[in-house]
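What follows is a pair of complexes built around subunit A, which joins subunit B in one and subunit C in the other.
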Partner chain A sequence: MSILQAILLGLPQGALYGLMGLGLSLIFGTTGVMNFAQGNSGMLGVFFAWSVLAWTKSLPLAIAAGIAAGALLGVGTDRILMKKVKGLTHGGMLIVTLGLLMAYEGLALIVWGTEPLLFPDLVTLPPLIWTLPPSVNPDGIPLIVAGSDLFILALALVISLLFAAFFKFTKIGLALKARSQDEVGARVVGISVGAVDSLAWGSGVAICVVLGTLVAPKTMVTPGMLTTLQLYGFTAAVFGGFSSLFGAVVGGVILGVLEKLASLGLDALFAATHAANVNSADFQLSVILIVIIATLAIRPTGIFASRFKGKV
Partner chain B sequence: MNRKVRYYLVTALAGVAAGLLFSGQSFILAILSQVLVFAIAALGLNLLTGQAGQVSIGNAAFMSIGAFTSAVLVTRLGLPIPVAVIAAAAMAALFGLVIGLPALRMKGFYLAIATMAFGVVVEQLIAVVPALGSHDGLRDLPSPVKGELGTYFVNLAFYLAAIWVARRVVESPQGLRWRMTRDGEVSARSFGVNTSRAKLSAFVASAAFGGVAGALYAHTVGYIRSADFGLSRSLDLLAMIMIGGSGSIQGGLAGAIIIIGLRFFFSRGFGPWLSVIIGGLLIAFTLFFPRGIAYGLTMAWHKVLQRPLNAVRKRLVLARTRKTGSYVEAGGRKIFWRESGSGEPLLYVHGNTGSLRWFEEVMDIPGRRVVALDMPNFGRSDALGAPADIGAYADAVAAFMDAMGLRGIPVVGHSLGGAVVQSLACKRPELASAILLVDAAPPSGLVTPEERYASIGLFRTSRDLLAASLEAVAPSIREKSRLAPLVNDALLMAPDAFEGNARALARFDCRASAGAYRGKVLVLRGEKDSIVTAAMAKETAAAFPGARLEILEGVGHSVIVEDPDRFIGIVKTFLSSL
Partner chain C sequence: MVLETSDFRVSYGRIAAVKGLSIAVGEDEAVAVIGANGAGKTSLLAGLAGLVDASGGATYKGASLAGLSSAERVKRGLVLCPEGRRIFPELSVEENLRLGAFRRGRVGPGLERVNALFPRLAERRRQTAGYLSGGEQQMLAIGRALMSEPELLMLDEPSLGLAPVMVDLVFETLAALRAQHIPILVVEQNAAKALAFADRAYILANGSLVKEGPGRELLADDSVRSAYLGI
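Entry: the complex of A and B
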């Protein structure tokens, strides 16, 4: 597999990481709470969508219902739990969201059982096949991008741009920005901090449900479907510096590409050392996680943080 | 018995009793063994998270490293298990350094993400090493001794060693540095704490405990897989310390009993409910009971559980000491008193939570008749029958002196008794020809900060806290057992006087009339006194025209019990100067 193909595979994968990072950053950047239950909140939304799908047989309706349920879950979490958490230390908030993570996983198992559930593709597009001229690509193997990957990439782009426009051009976007920069100041100029927090939680979890429906055809609907992706989302957000939304998306894309390239490099390394029985896929996550630790250690504020003035 | 020795003894006895109670049921013994193993791991996490404030959600990785290290050393190299356990601790500690170093740059959420990533990396990498059994793990690991009961006792021994080591560290300056780092890094640094080193040492210590627990797990269960030590195990450990009590030594054990117990209880078909329950407990404890079970038990011990024992002790003390003195009717109350020697009289007035037994070792002054009393509300005398008040105590002492025919004699007062004697000297100067004030409350009163009253309330029901506070006011005493009779007498105090005396001292003010007292006044202050400050002692000396101040080196608030011979010498010199 060529490096170009690896990059093409990495882009949509990275877009998924970026979406996860976007949701996490939206909540953390605005309310200051790192939601460790993010993946599992999204997972519950996807399960709900699956149930609606089984009942109504309408995919658009199911997805809309899943997103609405996710948004409701986010708002509910904020209203019921996070108001109480406000005075706690970071450790306290963290433990509350970890408690949610465990509770949600159990809840999904209780309601929907342990069998992985099938979820259909949102769209079925033909793959894009791209034959490069021999001067660029001497071995003549065409580059392939799966149709669903193209869709994911486009959707991620659209969602990011929507949020960008929302933050830039609407008053509510401005209110979110203000609240993230200074809670007391925001209150002083008449922003309802409670409403803004709920909005961030609601849309943050809703994004995660969208993401969940995108990966569900591949992973199937299981309680642990978004757990690993949440780790990648953290990494993407760490790359992007958490407080910057687009940093998270860009960070996610870089991460996706980096991951495929690392996997390529590991394969070459194992081939060279004749460690044939070793599978590079076993190391992929580890490589990424070591990157996360290194990034946090070297630049705790994120790689792109300085380019974006202020938060959000 | 020393409270520290009692702490370990009670734990050990409870552990042995639990083991023997279930000696026939190997299933329950296996659960108890696991509880102990996880309690050690939770203790390790508690040092890092509870003491040093560094939240980790990857601590199961240290268990994993310890488990596989020990398993390999024992099965491949044939090392004895105890050696392998220590090697496992060392190996885990090394990895503690590996994650601890980058973690120095992170805080709060970021640290949590990094430790979570560390945990997943360790889980994944161990699962791909064929020598460690890849995903299937290692089976048929030997246990340290034959039989479930033996294994349980080995784990118990390691647990006792673990809490001993942890308590030593937590009570050492290192533990203080951890807590300072937790409570405020900037202020800790401004006090000269190297916070980086503190965090790093917490990581290493935490990892070593995790390593020991992992090794014990391997030899207790006999079968280890990388997936046994994943994120959910790390979360279990976190739940254990949050439920048990963040920062406490044995809270992890309480948490482990609940979490491991629930795990077994729900193993038959209710698995999913377990996550919901543990998650719910985690949230509920964090929000509503953040100090955990350990704190609840501690408060129950001080508020309720000691009561029956104290009631019995009170009766015994009364029965034993009533005969050592006599009663006199004074001011409508029965007042208990004692005397020693003959000659010119001298009166001793004790302090707060005190009694005449505080003067036991200074009753023999050559050529003097030394009299000491239990004031009303204290010791074996009747209650005051009114809210505690310094003036009322002074009236009671005056009534006692009238009843006894004591008049124009030197009077010695200690602490609160010093305030009473000042009041007496102002109200009835003809009774006290000279006064000696030992670490006395100053004439402007002694205000107890309002937030202290909550703990003063606990003295009423907790002999342990009384003992600790008496040890604090007699800092130079080496053999704490000498204080035991004084602690017992403190239990005899009227219940309402614990708070009442503190309030009475805050109200006390005799500045207006002190200047009129013509007798000689000697003011003593122990250099290490933590209640009466140097400024207060100076104020007392300045308030009385005939006063002299003497600072006593090397003793605290209570020279009369800390260094009786020295006190006798001072009294003799004072009396001969009159």
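Entry: the complex of A and C
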């Protein structure tokens, strides 16, 4: 596999990490709560979408219902649970959202059972195939991007741009930024902090449902379908600096590419050392963990850290 | 009276910070509240702005404040410029000011007033607010409060932590606002400046009122001088 092909595989993978990181840092940046139940909240939304699909046979309707259910779950979590435990330490928040993570997993098991459920592809696009001239691509193997990967990339781009525009051009977006920078300041100018927090929670979980429906055709719908991805999203957000949404997305993409390149390098290394029975894919998670540790050790505020505060 | 409280109380759990205060601010009046650290000055303003729960009576422009959210109070013109400035450090000066008009929906009138008062902010409107000097940040905090078009402007320690020349500038600004007939309720540790500025003043200790009177009179009062002015 060429380096270019590794990058092409890494980009859509990284876009998924970035979307997960986007949802996480949207909630954390705004409300100061690290939502460890993020992946499982999204998972519940996907299960709900699956049920609506089974019932109505309409995929667009099912996905819309799943996203709406996710948004509702996010708002509910904020209104019912987070308002009550406001002012808790980071440690306390961790326990609360970890508890939610387990409760949601249990809930999914009770309602939908243990059998992995099939979820259809949102769209079926033909793959892109490039045959590059030998001067660029010496091994002559054409570069391939799967249709589903193209769709993921496009969607991630659209979502990121929508959020960027929302924060840049709308009054509510500005209010969200203000609230994330100074809660008292936000309240004295008349921003309703409760409404802003609910908005962050609702949209943060909704993004995770979108993400879940993207990966569901590959992973199938299971209670643990987004657990690993959450860890990756977490890394993306840490890497990018938690309070910067843009940083989370870029961090995710860098991470995805890095992971594929590292795997390529390890393949070469194992081949050279005749350790052919070692599979480089087994080391992908290690790469992620090394990135998280290195980031925290070298630049704990992330590569696109905000200048005036360090919430993490 | 634009603001009147009776038996106004603010508590944090079991600790009472404001223990039944009755104060008033007139339609065209600047009132100062002074007192030592922990006297309940900040809690009084936070309670009036709806940032913390309060009990007892508080009437603003003839209507009770009970049950109104902080956002609703800002909308009605009861505006607080909080202690520690609380500006939005990563936003530009202009964005900070625009947010001040969040509940007003119009930026024009406030912006004109702020630009006239603080030409320095107008010059730096594109600058990131966190990079402003302490004095400039205080100007911005006052400017942001003015963007809400206050009908009663409450300021919490506006001169705290500022260089003497900036302290003078803050009180000159307050005097200019006073001349524009904006009612002012200012909480200050700088008792000398506050009493010299205010039409009337209240002195708090341990959450209760210990003295009140015209600012100049209190400034001349021997017990006040020894307790709060260190003279």
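Quick notes
Basically, the second predicted complex is superposed on the first by the 305 of 312 C-alpha atoms of A that agree within 3 Å, B and C clash if a C-alpha of one lies under 4 Å from a C-alpha of the other, contacts with A are read in each partner's own complex, and residues count from 1 in each chain.
We adopt the following convention: a contact is a pair of C-beta atoms (placed from the backbone, for glycine too) under 8 Å apart; a residue touches a chain by one contact, two chains touch by 3 or more.
No experiment lies behind these values; they were computed from the predicted model shown.
Superposition of the two complexes onto subunit A shows subunit B and subunit C fitting side by side, with no clash.
Taking subunit A as the reference chain, the count of touched residues is higher for B when subunit B and subunit C are set side by side. With both structures placed on the common chain, the touch criterion links A:Leu296 to subunit B but leaves subunit C unconnected.
Within the superposed three-chain model, A:Gly185 lies in touch with subunit C and out of touch with subunit B [touch as defined at top]. Using C-alpha centres, the superposed arrangement gives subunit A a vertex angle toward subunit B and subunit C of 60 degrees, stated as a multiple of 10. Once chain A of one complex is fitted onto chain A of the other, the partner contacts of A:Ala175 are limited to subunit C, with no touch recorded for subunit B. In the superposition on chain A, A:Ala154 makes contact with neither subunit B nor subunit C. The least CA distance from subunit B to subunit C in the superposed model is 11 Å.
When the two complexes are superposed on chain A, none of the residues of subunit A touches both subunit B and subunit C. Remark: subunit A residues 28, 34, 36, 81, 84-85, 88, 90-92, 94-96, 98-107, 109-110, 227, 231, 234-235, 238, 277-279, 282-283, 285-286, 289-290, 292-294, 296-298, 300 touch subunit B in the complex. The touching residues of subunit B, when paired with subunit A in their complex, are 49, 53, 55, 57, 99, 101-110, 112-114, 116-118, 120-121, 124-125, 127-128, 130, 231-232, 235, 238-239, 242, 271-283, 286-287, 290. Here subunit C touches subunit A in the complex through residues 49-51, 69-71, 73-75, 79-82, 84, 86-91, 95, 98-100, 102-103, 128, 130, 144-145, 147-148, going by the rule given at the top.
Those residues of subunit A lying in contact with subunit C across their complex are 171, 174-175, 177-178, 181-182, 184-192, 306-309.
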